[in-house]
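Two complexes are shown next, each including chain A; its partner changes from chain B in the first to chain C in the second.
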Partner chain A sequence: MKPILVVGGGPAGLVAAAGAAGVGRKVILVEAKDKLGGNPIHNHYSVFTPNQVDAETAMKEILSPVEKNPNVDVRLSTMVTAVEGEAPNLKVTLKGAKGEEKVDVGAAVIATGFEHFDPGRETQVYGYYEYDDVLTLLDAEKMLKAKQFLRPSNGQKPKSVCFIQCVGSRDRQIGNQWCSKVCCGIASQQSIEVKELLPDAKVFIFYIDMRTYGFWEDDIYWKAQEEKKVNYIRGIVTEITKRGDQLVIKGEDTTMGRPMEVPMDVVVLSVGMEPSPGTKAMAKMFNLPLEHHGWIGRAGNSPLNTVSTSRAGVFVAGAAGGPADLEDSTSQGGLAALKAVGYLNGLKA
Partner chain B sequence: MFERTMARRPKEKRADFVEKDNVIIHGVDISGHWNRMHSPREITSYDLSHLEQVTAVPGAESMGWCYQCAKCIGVCPVDNVGNYGPRKLFRLLQTGYDLINSPELWECTTCANCLRVCPKQVDMIKIMPALRAKAVMDGTAPNELQDMFKNASEYGNPMGESPRKRFRWTKDLPEDVAVKDLSKTPEEVDVLWFVGDYYAFHARGNDAAKAMARVFNRLGVNFGTLGNEEWTDGDSQRLAGEPGLFEMMAEHNIEQFSKQTFGKIVTSGPHALNALKNEYPRLGGQYNVEHYTQFLNHHLADLKKLLKNPFPHKVTFHDPCYLGRHNGEYDAPRALLGAVPGLKLNEMYRCKEQGYCCGGGGGGMWLDGFMADHVNMRLSENRVREAVSTGAEVLAVCCPYEVSRFEDAVKSSGNEGKLRVMDIIEILDQSMGG
Partner chain C sequence: MSSTAPQEKNIQFMPKKAKDRVFDRQGNVPTEYFKDALFELEAKGELIVQKIEDGNWVEVETKFGRKKKIPIQNTWHHKSCGQCGHIPGYSTSIFWLNRLLGLKYHDPRDQTSCTAWNYYASSASNPVAQASIAIRNFSQAYQDGFFPLIHCGTSYGHYKETRNEILHHPKLRDQVRKVMDKLGKPMVFPEELVHYSEWVHAMLPRLKPLQKRDMSNIRVSVHPACHYHKLVVEDVIYDRDLYDGQRTAVVSSVVKAFGSYLGDYSTWHDCCGFGFRHILVSRDFSRSFSTIRKIERMKEEANPDVVLTHDTGCVTTLDKSQFAAQAHNRNVGVPVLSDAQFAALALGAHPYKVCQLHWHGVNNKPLMEKMGIDHKQAWEEFQTQVKRIEAKEIEYISWEDAQ
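Up next, the complex of A and B:
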């Protein structure tokens, strides 16, 4: 019985691996980094939305079924470098610390996820690489996990903090027209954490549309506004300048209909999602067509199919197929496992 | 968008300029625009101190919940004639506006149309009285209101009439129309009629009071009143920021009620209904209370037999905020109007839940002079225009504030002779033979 290949050890891949292994299939789980966990672990996520559970603790729930599982062959610091043949007879070359190895697999789940938009790449208007006190959600996440939210420029507690939404998302000029789905919730979640660490700080979120779908609306957005007194202001900042040692954000306060030029100690850029280098590489290697935004496409054109690609026996799960939150990623991971097992079982019949 | 309110903001960092009403220079009309030319357009800080102060006041917490959906603006009766609305207040607060010391604090009529549509339940009905109470303590309430508070506190009615004259309206009633004064001669009655200030003291209110007395007598209702011992219900004082005065009024009335034996209380006015039904219980006064339209609607079969004379007129009906939105009654007044032979009801487009406020609630009854500086027409004038547009000859009301309010508005909006304002009880009385 050929194993199922899972590429990517983040939330989608972990759940896919554990799912297939749980019904008795052998799984090879390939992870490019030296540790499983994906973005939540490698990028030091503080807490998960919307329930504010500690990210590291929560991740153990999906890590341990893989780590302790005799059916899962975990290959860390390993890359897929070549793919030959068609499922169920895929020959995949894995390159790890001990060199190259060719494995035969019956089916594959691509769970190579996203990477965070780099605000220095296309647009310099927010001065991310210019001003120490301009951060991204990633930088803030790391600081919040360490329970220390200080101005990088001087180590002082910031008196004013703002988030700028939609950085690298919903932007034709940059080429990323999609909404990254989670940033409104993550910024709101971070604003709650900032207020918990610094109750006297004035915290603002500048947005175009608040998109905190489902339970994130009241569990995160309303909570931030009503309980933590976070100030939501419609109109995202146009650009950032510096006056003395303080940042100045410039834009329009659209519900007041007035221009705005306000000093701010720390600015957090709510960077969105882009296909990760791994996702782009796997799309090529497995010869998977991309959907029109450049993420791995699903077969057909129906929202009812979330994991099947146009190649039989090859599935996609999580943010390799487009912006996804953790619920999307883990749900799709489970479904991809089920479909992969079903595909292999169907062959026998 | 906020030019008007901006112009009133404390004049920081700019000189005091003279604002003239009519100035045309080189053919350009710049009347009254001088301040605008010099007020800063740019927001340079979000001073949250006033927002924090406001949301720390018990009762006003929900002021901080607004997410700018702006549903309130579509139904706010004040925004309709000015530039004011709950979501705008929130933004002004967020940009450092001192709401508690601003004119906006007094513009809300507590009509509850915003609360009806607010997805976040930002509750202006609680927020406004709580913040006004602070301003009243600070002595910054408009003079007209302070006079009204003083009157209520000294005379037990907001008009400053002698409390000994409260029962005087009954004097020229014929002998067969009896109105008992239970405070003088207590006896068990089915209905304790809470007459109210406007019915007792205002000339047009007297007309309605007499009509009510005749209708009750014809119906054979066993009823009485508190005579001179009735004080104002206190609800307008409460909503305008005087909770202490409200309690004083309420406690007096509760004490008077406790001396009487009655089945239920029937109020002339929706504000008294609201006070007695929803506010007196927390002070120990628990009663079976009905507005007179509700009471009469419960006796509709008997009433119909007495409605003999046709009233062949087109009538439109104004829903009082405190009968409708606050207490959920839309049907009783319409049922009464529907029972009058010959009467044709033409509804206004803003009716029932969507009814437009007359401007008299929440203390607004005493703020017409103050409001004139902040709106382009009175709310009552706006409403009268709508009433006229239905083609109605008669504007029917059932709140004692409204006959005088709307009669003034009929004149000031240039509709004199086009529209008569009548209390529903007057129409019923007329149909019974007057």
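Up next, the complex of A and C:
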């Protein structure tokens, strides 16, 4: 019985691998990095929304079924370098530390995820590469995990912190015409954590629209405002410059209909999602058509199909197929496993 | 937060400082490459693409890592209406730099105004008229055998926006073609749209060895022209070594090349105050913005000896607005020059006969003194030529007279 190939060891890939292995299928799980876990582990996520569960602890819940299941052959620091044939007779070349190896697989799940937008490409002027105290959500996340939130310029506690939403998302100028779905929730979550660490700091979130759907609305958005006194300001920040030892953010307060200029100690850029290099590479290698924003496309137009691609036996899960939160990613990982197993069992996937 | 507050102890994790963050500009380019559409239209026979001849260009890098060709010589100088009218030493300095390098150029007398002022200030005119004027000028340059080099930031920005319209609207092209047929001119578009400040930037390696005056004690603040760097941003020159590749490199590169101090300030990205509509219908706002938001901030934060910029409206607004502000005892009084004038001065150009600093509003004599220029003697030399004009000995000051 040919194994199922899962490409990507993040949340979607882990759940897919565990799911297929859990029903007795052999799985080859390929991860380019030297450790499983994807963005939550490699980028040192602090807590998961909306319940503030510790990210590392939560990740163990999906890591251990993979690590403990003998049906999963984990290949770390390994890349897929070539794909030949069609499912269920795919010949895949893997390149790892020990060299190249060709494996025969019956089906594949692509779970190569996203990468965070590089704020240097932003057409707004945010100065991430100019000013020490301009950070991304990733920088902030790592500091929050360490339970310290400081100004990189001088190592002091900031008295004012703001988050700028939609950096690299919802932006036609740079060609990213999508909402990254999670940034509003993550910024709100981080604002809560900042206030817990620095109760006296003033914390602002500058947004176009707040999109905290489902329970995030109550558990994060209102909590940040009502319990932590985070200030949400509707408006576009267009520039960050520096005056003395403080940053200055400039933009428009669209509620008040006036320009604003606010001194700030730390600015956190809520960088959105883009297809990862691995996702782009797998799309080419598996000959998977991209949907019109550049992510791996699903077969047909129905929103009810979330994992099947136009190639039989090849499935996509998580943020390789578009911006996705952790709930979506892991759910799709499970469904992709089910579909892959079903395909190999001769059922219509 | 006082900067003297103690740094936290036992720091667990600290994000990288800006100097250690590396921006890879070779990443995704968000927009289509205009050249793809341009050459496709040429292949279909819809228009002629004027190319820069091989060996006659310098390659520079733009915001997202694309390369851009800057012509070295055989340039057709598309001048600026306001520049010629208000700051003639601006365009003269550009020509002087060309002559210093021994480069061939053409100063046409039959260039048409781009009319972009109408467009940006009051939405006057219409797309067909605007596109026709652009192509009429490019066609003239092509027929003259020179490649367009655009002095005006507004013309430059506007032509880039017009290029996008021309490339993507067949109906507009048809309408423009009818106009060109009436004029008896071919449909021509240059392969690059090049601003003169891009040319100055690209010529710096050739100009720098010719430096005559020591500029090392000059403090400079730069104002970037909005119509240069905020329109069609992907076509604007950036350099990894200037502002960490996050702001346009032109003008600032001139300051660095001649060894002057580049002083940053917090309203760097703001408009000069000109604003097109503002200068026409709300001039007091323009004056206040220019002096309070720009000049005073520069003085407080960078204390420059001179402000350099690269567009007509910016030079005139930043310079001339200071007159009224001085009457109100505001903290102003900084000379404003173009990058071309500054470069020409560094390279030994005459301050009055070439750079024509007497057209500027703010007292620039202290600046000249810092540059080691004997402005009294220079003025006498200039007056000698003026007297020759008055005596009808000469019609105008020639390049030979300007030495």
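The rule is simple: the second predicted complex is superposed on the first by the 343 of 349 C-alpha atoms of A that agree within 3 Å, B and C clash if a C-alpha of one lies under 4 Å from a C-alpha of the other, contacts with A are read in each partner's own complex, and residues count from 1 in each chain.
In this text, a residue touches a chain if its C-beta (ideal position, glycine included) is under 8 Å from a C-beta of that chain, and two chains touch if they have at least 3 such contacts.
Being a predicted model, the structure only gives us computed values, none of them experimental.
K.L.:
For A:Met260 in the superposed arrangement: first (chain B), second (chain C), both or neither?
P.N.:
After superposing on A, A:Met260 lies in contact with chain B but is clear of chain C.
K.L.:
Specify the partner with more touching residues on chain A, choosing between chain B and chain C.
P.N.:
Larger number of chain A residues touched: C.
K.L.:
Just chain B (first), just chain C (second), both, or neither: which does A:Glu67 touch?
P.N.:
neither
K.L.:
Looking at A:Gln173 after the superposition, I want to know if it touches chain B, chain C, both of them or none. Which is it: first, second, both, neither?
P.N.:
A:Gln173 contacts chain C only, not chain B.
K.L.:
Touching A:Asp104 in the superposition: chain B (first), chain C (second), both, neither?
P.N.:
Touch partners of A:Asp104: none, neither chain B nor chain C.
K.L.:
Which partner does A:Gln156 contact after superposing on A: first (chain B), second (chain C), both, neither?
P.N.:
A:Gln156 contacts chain C only, not chain B.
K.L.:
Is A:Glu84 contacted by the first partner chain B, the second partner chain C, both or neither?
P.N.:
In the superposition, A:Glu84 contacts neither chain B nor chain C.
K.L.:
Classify the contacts of A:Tyr131 with the two partner chains as first (chain B alone), second (chain C alone), both, or neither.
P.N.:
In the superposed model, A:Tyr131 contacts chain C only, not chain B.
K.L.:
Under the contact rule defined above, give the chain A residues that sit at the interface with chain B and also at the interface with chain C.
P.N.:
Dual-contact residues (chain A): none.
K.L.:
Of all residues in chain B, which touch chain A in the complex?
P.N.:
For this pair, the touching residues of chain B are 1-2, 41-46, 48, 52, 55, 64-65, 67-68, 87, 91, 94-95, 120.
K.L.:
Quick one: in the complex, what on chain A touches chain C?
P.N.:
That would be residues 44, 118, 120-121, 123, 125, 127-132, 134-135, 139, 142-143, 145-148, 150-159, 173-176, 238-239, 241-243, 245-246, 248, 250, 265, 274 of chain A.
K.L.:
Which residues of chain A touch chain B once you look at their complex with the stated criterion?
P.N.:
Interface residues on the chain A side: 202, 204, 210, 221-222, 225-226, 229, 231-234, 253, 255-263.
K.L.:
Give the list of chain C residues in touch with chain A in this complex.
P.N.:
Those residues of chain C that touch chain A are 1, 3, 5-8, 11-18, 21, 23-25, 27-28, 30-31, 64, 233, 243-247, 264-269, 301.
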